[in-house]
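Would you mind keeping the following structure in view while I ask a few things?
Chain IDs A, B and C follow the sequence of writing; residue 1 opens each chain.
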Amino acid sequence: MDGDLRIGSAWTRKVSFRFDGEMLTASEGETLAAALYAQGRRTLRTSRDDDGPRGAFCFMGVCQECVVSIDGRLTEACRTPVHEGLVVESVR
Amino acid sequence: MSDYDLIVLGAGPAGATAAIKARSLGLRVAVFDEASAAGGQVYRAPSPARTTTQPEADQRKGDALRAKLATSGAVLYANHRVWSLTSGFSVIAIGPDGPLTLEAPNLIVAAGAVERHIPVTGWTLPGVIGLAGATILLKAHGVLPGRRVVVAGSGPLLLLVASKIIAAGGEVAAVVDAAPRAGWLAGAGAMLARPDLMAKGAGWLLTLLKARVPIHSGAAIRRVDGTDGVETVTIGPVDRNWRPVDGTEPTIAADAVCLGFGLLPSTEVTRLLGAEHRYEPELGGWVPAVDAALQTSVPGLFVAGDGAGVRGADTAPLSGELAALGVARRLGHAGDLASQAATIAADWRRSGRFGAAMSGLAMPPPGAAAMIDAGATVCRCEGLSRATLDSAIAAGARTLADLKATTRCGMGPCGGRVCGEAAAMLIAAATGWDRQTIGQPSARPPLRPVPLAAIAAAFDYDELPIPAPAPL
Amino acid sequence: MSALYDLAVIGGGIMGSAAACRAAAGGMRTIVIEQQTLGSGASGVNAGTLSLQIKRVKLMPYAIKGHELWEQAGEHVGFHKTGGITLAFNQREAELLHERMALKSEAGAPVELITPARVAKLEPNLSRKVVAASWCGEDGYANASLSGAYYRTLLEAAGVDIRERTPVTAIDRSGGAFELATPAGPIRATRLLLACGAWLKGAGAMIGLDLPVRARVNTVSVTERGPALVGTVIGHATGLLTLKQKPNGSVLIGGGWQGTGSPEQGRGSVDPATLLPNLRLALFAVPGLDRFRVVRSWTGFEANVPDFYPLAGAAPGVDNAFLLGCVRGGYTIGPYIGALMGDLILGREPELPLFDPGRFASTASEA
């Protein structure tokens, strides 16, 4: 999917973060799940059951589909605000 | 000595209003919420990443609620995940600063609702998101679910999400509503009680008509296809009982799907604390049994908002006030609380009819289980298909606990919150049993996954309270 | 007039089912009556640990036989023989370990003491604070969740009738048979076996027995699936930790920490005050668990009598009635002692002696 899905409005300053080594930007305070989804990075991990791609689903901390690893700890991307220098790894 | 007279779980419209009311009656009140600010799902605070916008009605309401709560004197523990409770009551949470346990003799659970899902083949693809999730993306985060979106499922969120997508400049490829068009008319009687909300709904519909969005009533998604995400969506007709029937099955190009079938009351806390529950389809499913003050069968345990039965955000504040009055009366506060409560209760019942009618509209009839293909993944956490669950049911599984034991359905990190309804629908379809007989899933701590390191925190091995070893 | 069974078993757990299967194989017309569903009690919710290192010395021959039966059940019950390591983290625990493992070894368990260096080689992700350890190659685990489904298959194959969701509300004797009252109507049988775990006290009272049965409320927790950390069953010198990682990556943590509630109240609850040290002990033993999230903790009732030995034999003073339960290590030993019980009911000499409930012979009428 191309382009940015953010709806036109003023956004806070851009911060940089890493997702699986790739440098990306987000608006400061955006949740990780929203920031990644908005720029088309919708696949957050690979299912260990069917090897299929998985991404955020409920955006409210229930479904656990958007779990990523930050500092070695599993965390819901939809409940994690992005800040400068955040390093995020996908999990299986 | 308890830390507070009352702890409120959830700072949405019901919980925040309950806390404000209880404070106005002089109670010492604490409020817990997982989010970083009060507001709940409907009045969720906008992402701090968005600096300016013309606030819309829901946001203004949310801002007013947040301001009122902030000055009420209630202590808000935001960003706190409550993962367990014990009777009496202890509330056990993990927050940004580590573990926190607080005690109070009264608890108002205003935990809201989660979405009901009926799985379809391909719904695990990135770009398929919940309807409720879509409202959060659109309203709080200012992000479109996709460029060209299929909005599918049942209930009023279909129109809300579709109209928001259009208003934000996205395209809605189709609205796919499992309910027949006649279903909406059947609910119209109750809706007339709330002309304001009727007008809101009519506004959404008008937006869709203007944008010439195809609205398919009595239809459902057959499958979603794509490689790395949603590419096409195939839909087809369903009968009045939501069973797929023969007919044209158009395939629609789309990059996202918003999918949901109404809301389910969140009852984990009341189940964990052993309250009695009843199955009330018109209120979204299992709800705690309550008295006139919204007190459950467990003394001191009250409920408010959608967690007491899905009646909607407009009704929620009234239930919050009612529960707060109930707590104050239980604590022996004097005054005309009884007559106040009677007035609010009457308003609440009147107002609740609209929400309940909407909730009923979204409720799948028993035939809806036929919408789930044998190959569709039902339990997303454990990757279990309908066929796998059906064979476990054929081999004797009759409860959600049985299914969990034999297949691990619901054993993953979501704890069955996404798949539990579908699993119960499959048992009902195979056995012909009603939902009361099949029963509820058991609630166990932690109520959400919690990092072991966060629970354990720092400790000294030599101070672990090791009991005497077992006999040789 | 309802049919007359040769044997009615109250309790569809491992022991009741195993006894029913043996009795049916011996020609008895048998029925199992379960208040919930097969294996829904302790049989289905325990941690599934099969460790000879935590078995009582006197029960070791039974436990060894139990291991053999679970191994034969194999993949139907998720059996894995991984070996098990028991850890000591200080001198006091090391002494306890040495003393206990010597006795268990004498009793026939193939247990040996191993050095911390060997522990590190076997399980590189364990704590480096181990000061002493023991190893048993026979140890492993099975998936207790599958107990109900496994015994359903065996009971059906043996021709045993199964009544689930059927609480027995009263037991009368008429015409030389027991008549069991249930919401679904009476059930009649010439012999009766009470094998209903933590509910044994209430069932015993229905035939006039005052059994000194109490229930422990054991806590078990499971994490979500994660990277491989350990392959063996991990224990602690005090017996207060059992930990194993399933092939799917989830880690099961037990050890008998006590929750709240009772069988009479109908439910047990996890007590955060005991869950905390349980998880801390697990984290101390396996530091890599700090990357895991706990997804569920639950409790199961484990019945016992004051001497912590089984009730297994004829009911004192009640002809044709039998009792089976309160077996410490009941998951491991259950299939075997259940079969022995079946033999006793069939009038055969059990291969190993049973545990006469008559040692607590005080009936309600005498009391």
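What we mean here is this: contacts are C-beta pairs under 8 Å (C-beta built on N, C-alpha and C of every residue); 3 or more make two chains touch, one makes a residue touch a chain.
Because the structure is predicted, anything quoted here is derived from the model rather than measured.
Asks: Average the C-alpha coordinates of each chain, average all protein C-alpha coordinates together, and give the chain whose average is closest to the overall one.
Replies: B
Asks: Between A-B and A-C, which chain pair is linked by more C-beta pairs in contact?
Replies: Looking at contacts between chains, A-B has the larger number.
Asks: I'd like to verify one number: the distance from the centre of chain B to the centre of chain C, where each centre is the average of its C-alpha atoms, in whole angstrom.
Replies: 38
Asks: Go ahead and note the Å separation of the Cα centroids belonging to chain A and chain B.
Replies: So the centroids are 23 Å from each other.
Asks: Report, in whole Å, the distance between the mean C-alpha point of chain A and the mean C-alpha point of chain C.
Replies: Between these chains, centre-to-centre, one finds 45 Å.
Asks: Can you tell me which residues of chain B touch two or more of the remaining chains?
Replies: 412-413, 449, 451, 453 - these are the residues of chain B that touch more than one other chain.
Asks: At which residue positions does chain A touch at least two other chains?
Replies: 48, 64, 73-74
Asks: Which positions in chain C are in touch with at least two other chains?
Replies: Residue numbers touching two or more other chains: 224-225, 290-293.
Asks: Touching chain B in the complex: which residues of chain A?
Replies: Residues 1, 3, 5-12, 26-31, 34, 37-38, 42-44, 47-50, 52-65, 67, 73-74, 79, 81 of chain A touch chain B in their complex.
Asks: Residue numbers of chain C touching chain A in their complex, please.
Replies: For this pair, the touching residues of chain C are 224-226, 249, 290-293.
Asks: Note which residues of chain A are touching chain C in the complex, please.
Replies: For chain A paired with chain C, touching residues are 48, 64, 69, 72-74.
Asks: State the interface residues of chain C toward chain B in the complex, per the touch definition above.
Replies: Residue list for chain C touching chain B: 37-40, 44, 54, 56-57, 89-90, 96, 100, 103, 129, 145-146, 148-149, 152, 164, 222-225, 237-240, 248, 250, 256, 260, 267, 269-272, 275-277, 279-284, 289-298, 308, 328.
Asks: In their shared complex, at which residues does chain B touch chain C?
Replies: 84, 86-87, 90, 92, 101, 272, 274, 395-399, 401-402, 404-406, 408, 411-413, 415, 442, 444-446, 449-453, 455-456, 459, 461-462, 464-467, 469-472
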